[in-house]
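Here it is, the structure in full.
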Amino acid sequence: MITPQKINRSAIQIQAEVLSNKKVGPYHHIVFAVDKMAAACKPGNFVAISVGGEQSALVLRRAFAIYRASDKGPMGGSIELVVAPHGQGSKWLCAQNVGEFIDMVGPLGTSFGVPTTNANTLLIGGGYGSAPLFALAEVLKNRGCRVDMVLGASTAGKIYAPLEGKRSVSSLTLTTDDGSTGIHGQISEAIPRLIRENATEVIYSCGPMGMLSAISKIAMEFDIPHQCAVEESMACGIGVCMTCVVPVKNDGEIKMVRSCIDGPVMDGSEIIWDRKSVLDALHP
Amino acid sequence: MITPQKINRSAIQIQAEVLSNKKVGPYHHIVFAVDKMAAACKPGNFVAISVGGEQSALVLRRAFAIYRASDKGPMGGSIELVVAPHGQGSKWLCAQNVGEFIDMVGPLGTSFGVPTTNANTLLIGGGYGSAPLFALAEVLKNRGCRVDMVLGASTAGKIYAPLEGKRSVSSLTLTTDDGSTGIHGQISEAIPRLIRENATEVIYSCGPMGMLSAISKIAMEFDIPHQCAVEESMACGIGVCMTCVVPVKNDGEIKMVRSCIDGPVMDGSEIIWDRKSVLDALHP
Amino acid sequence: MSSLDFSTKIGSKRFSNPIFTASGCASSGQELSQFFPLTEIGAIVTKSIMTKARTGRATPRMAETPSGMLNSIGLQGPGIDAFLENDIPWLVSNSAKIIVSIAGETVDEYGVLARRLRAVPGISAVEVNISCPNVENRGQVFACHPDTAIAVIESVRRNIGGELPIIAKLSPDVTNIVEIAQSVINAGVDGLALINTLLGMVIDTNTMKPKLAGKTGGLSGPAIRPVAVRAIYQVHQAFPNTPIVGMGGVASGRDAFELVLAGASAVSIGTATFGNPTAVLQIRDQLSELLLEKGITDFRDAIGFAHRGV
Amino acid sequence: MSSLDFSTKIGSKRFSNPIFTASGCASSGQELSQFFPLTEIGAIVTKSIMTKARTGRATPRMAETPSGMLNSIGLQGPGIDAFLENDIPWLVSNSAKIIVSIAGETVDEYGVLARRLRAVPGISAVEVNISCPNVENRGQVFACHPDTAIAVIESVRRNIGGELPIIAKLSPDVTNIVEIAQSVINAGVDGLALINTLLGMVIDTNTMKPKLAGKTGGLSGPAIRPVAVRAIYQVHQAFPNTPIVGMGGVASGRDAFELVLAGASAVSIGTATFGNPTAVLQIRDQLSELLLEKGITDFRDAIGFAHRGV
């Protein structure tokens, strides 16, 4: 449990200047000047961004996982995001030019827990879900951990795996649903073999909920800790609205915890992945 | 009356590129590439523009009087507007950069009627209301009319009177409420003298409703025709919503006519300017 | 690409496609015909007509609101005589499908209007507007109470004769819209129009007074779409066999599809036309594309789909 | 610049400024205190609390809509025991002004909650939420009918004792909100909170099913502001002496001013906080600036100003 005083204790609200905005495959890699905010960002944290401009009919912020943060650079502290132009908000963000100022709140949420010993780790990312894993890989590598990474997507072009990101990784496996690159099939099919081969001791994952659920099952079978970054629709991002909840086990009952405060990084074994059992419990 | 078939018969909907956008005093002078639309534009017509972009919470178009239209030029047909950054919509428009495309419908509404003989005309504009008068002055001049112009505003900086606009004018009088330039006082105070001095036979006006009302009274006293371009809040601009109505005399009764179709240029002597009498008649 | 049967039915009448104009948002069609032939749309629903010519409210009559607008036109119009003399013949000569919207100040006036329409050729349905919020007192909003709603519909039914479908247009500003729907269905309507505008107000913070001359006005536009979807869903759930003309904030084919999935057999476009004169056509085309993308080749299969299966 | 008396009163209680949080949009204050000290705002209105801990609805619990959002949280919360044990002491230790919102499934539960609050020090008022649309059946929306609304308020009044002001929070989803206001005023409330969310629905056109797990949800945000202004105006017109806590789509000082001019003695900020964690402070500052611009030096002179004069 996170104690009340600790809620988002380093979150601030800033006007962040767009320093760079580049299309990388189907994604946009966007760099923001965030000054002091950068120093507080940990792998797994996210930022919440106002979208649509002044006349906007979009009243809610959008959450984006922090891809990288560097607290010093030629422009001061900066953070980088990987954004998929999906609906109205993300398309607007991807269309912002260098020099525009963006209203940003962060860093928010929990970050990935890092093992105290030099464990063998497996990092699993789906689509833009790979974003927060590269910064994590670096931290793990510096701690002396072995870092294996597996990235999957529906098709080759949708795997986000920049060259510089691969530096911290001992092995990188790719999977695609259509077989256009790497292993043909769902990411979860490749995992058991990787766990065995690399003697994985901790799993970290980020991606669509279906993928996280499948990984959780495997982690359970292998009895390995699994930290996953979930993605639920968030209205506020700061813990006040209760829309972003994820069902977790609580003495045989269901407890809904806020993924923006008690997440996005959560213990995969605590989450109740089976939607039907949740619905049955809530509406008997 | 305008017969049904003639309603906005030359109006089209286009994506107009911003060719230039310059701040001129408190206004923005904006030029749009409008191709064939330009040829149909007459002095007094207006265009209706979508504002706020794709995520916009602003659902209604904004009307702008056409300042100038030229049907041939290096970029094909173009029109020019003079926009006061006032509220959300106009501020958005003033912030658009060269190269952006703007959704525009036009030309809309009635245009200024031009005398068949070479009459002495007085053109009266308040604030950005001077915009449509310069194109009118040119037409009148070409017809052999004498064109006197009087422009007023609260203060010197708010008078829109570009150099090239003055070419077609025999005399130009300025008035300001604060006396910062020209005659000190309201525009209407200066008019009787000008009518007498220039033997004015027709008055054209465009500006705030209060000013038009005052001019109408003077025109009535001098028994001179007065064509004024009114400005009522418009939801559709094309005659389907009935929000933009202006009360006119109709056999001793009140008739509400649409200023977007039967206006904006209307016969000043037909309009019922006294708001109280309208309210009394409508809500007895 | 497979082809789509885009036709729909309200009562006994067939319409070539389900996208209509909304009453009061397309006048009597002439102004829009400058932008496209009226035969392109399913039907034109005319501005609610009253027995006599009517001046309407003083200005200001409108205020923009976030993703919407308020209006208080107050049913300005030429009256039924001039309407039948000028507007209907023009629409007929332009081969438009016509739904005539009527509004009265009393139950009897609705009857009078219905009687005037019974012998008029070229009309496909009558929409009975019992839900205009822009009247002098709320008591005139007949759709606010089952008994007054029934009285109006019975008066129309008695007078209209024949098989002209009657559509009752309801207000969302009620505690229980299903109850009102129930009452007018019992009184014999062939369809429902959902929803009219919500009663709203804007105060001008400069003058510190209500912005509209009529103080309150009707709220329309995308802002109210979730209320429209909810109302249509509730009523279709209760009365799946009563066709609904849905409306309220539709500005795209996606939006129209949302209302159809909730239970609308046709969708009227109001405020969107103010922002875009060709909105009805664009929405029609986007909707047909969406249907085909979903593998739906008969429009009627989509009506109320959100109620079915898991 | 002259100074402003920004204080306001609800019943017997004074608040240093009229900008409050809205129930359910600020939890119990701890999360917002990361961004500013809670003493900066007039009061924190806590998320409606029930007798027992409550899991709330399944997800998805929200959908963005044009200039608004739908939510169906289903009153998730820790229950009154844990609330009194953890949240109230924390708020008191942070010197926050507290208005506790309560919600029950039955009339008796409201009474039980009121009794639990009567002896708790540090509370400034009780807001009785009888208008949450996110309940299993509409019958539970006590604010939909005068008799159920009265029953709840009487139960609270009987149990709360003392002089803790009672504020009844009403729903705009009724045919006649003035009638409901009348009934709870007769039952002895000290103030009204207007408005709760409107019942709405969004259908996901990809899945072709309702987007929210609970199907319907409550519509909030700027989209509904004209409905809030209208409701506040109507009720203040009828009962000028009953203080109103206004809310519904306020996102700027201008918006807050609009509700005050309509008749609100205080303004709660809900959805705007989701878009901007410091919205309440910005709105407070913008409002005080606007008041001074207008030459208003006593906030209370602005309340209901749109009703006065010409």
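The chains carry the letters A, B, C and D, assigned in the order they are written, with residues numbered from 1 in each.
The definition used in the following text is that a contact is a pair of C-beta atoms (placed from the backbone, for glycine too) under 8 Å apart; a residue touches a chain by one contact, two chains touch by 3 or more.
The model shown is predicted, which means the values in this text are computed figures rather than measured ones.
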Labels of chains that are neighbours to chain B and to chain C: A, D
Most distant chain from chain D, judged by the mean position of its C-alpha atoms: B
Gap in Å, rounded to a whole number, between the CA centres of chain D and chain C: 34
Centre-to-centre distance between chain B and chain A (centres being mean Cα positions), rounded to whole Å: 55
Separation of mean Cα positions, chain C and chain A [Å, integer]: 46
Residues of chain B touching at least two other chains: 57-58
Touching two or more other chains - residue numbers and ranges from chain D: 66-68, 221-222
Overall pattern in which the protein chains touch one another (line/ring/star/complete/other): complete
Touch list for chain D against partner chain A, complex: 24-27, 30-32, 34-35, 47, 55-64, 66-69, 71, 73, 76, 90, 213, 221-222, 251, 271-278
Of all residues in chain B, those that touch chain C in their complex: 4, 7-9, 11, 13, 50, 57-61, 103, 105, 232-233, 235-247, 253-256, 261, 275, 278-279, 281-283
Interface residues, chain C side, partner chain A - complex: 66-67, 222
Chain C contact footprint on chain D (complex, rising order): 65-68, 70, 138, 144-145, 173-176, 198-203, 205, 208-210, 215-217, 219, 221-227, 229-230, 233, 249, 254, 257-258, 261-262, 290, 294, 305-306, 310
Complex interface listing, chain A residues touching chain B: 51-58, 88-89, 92
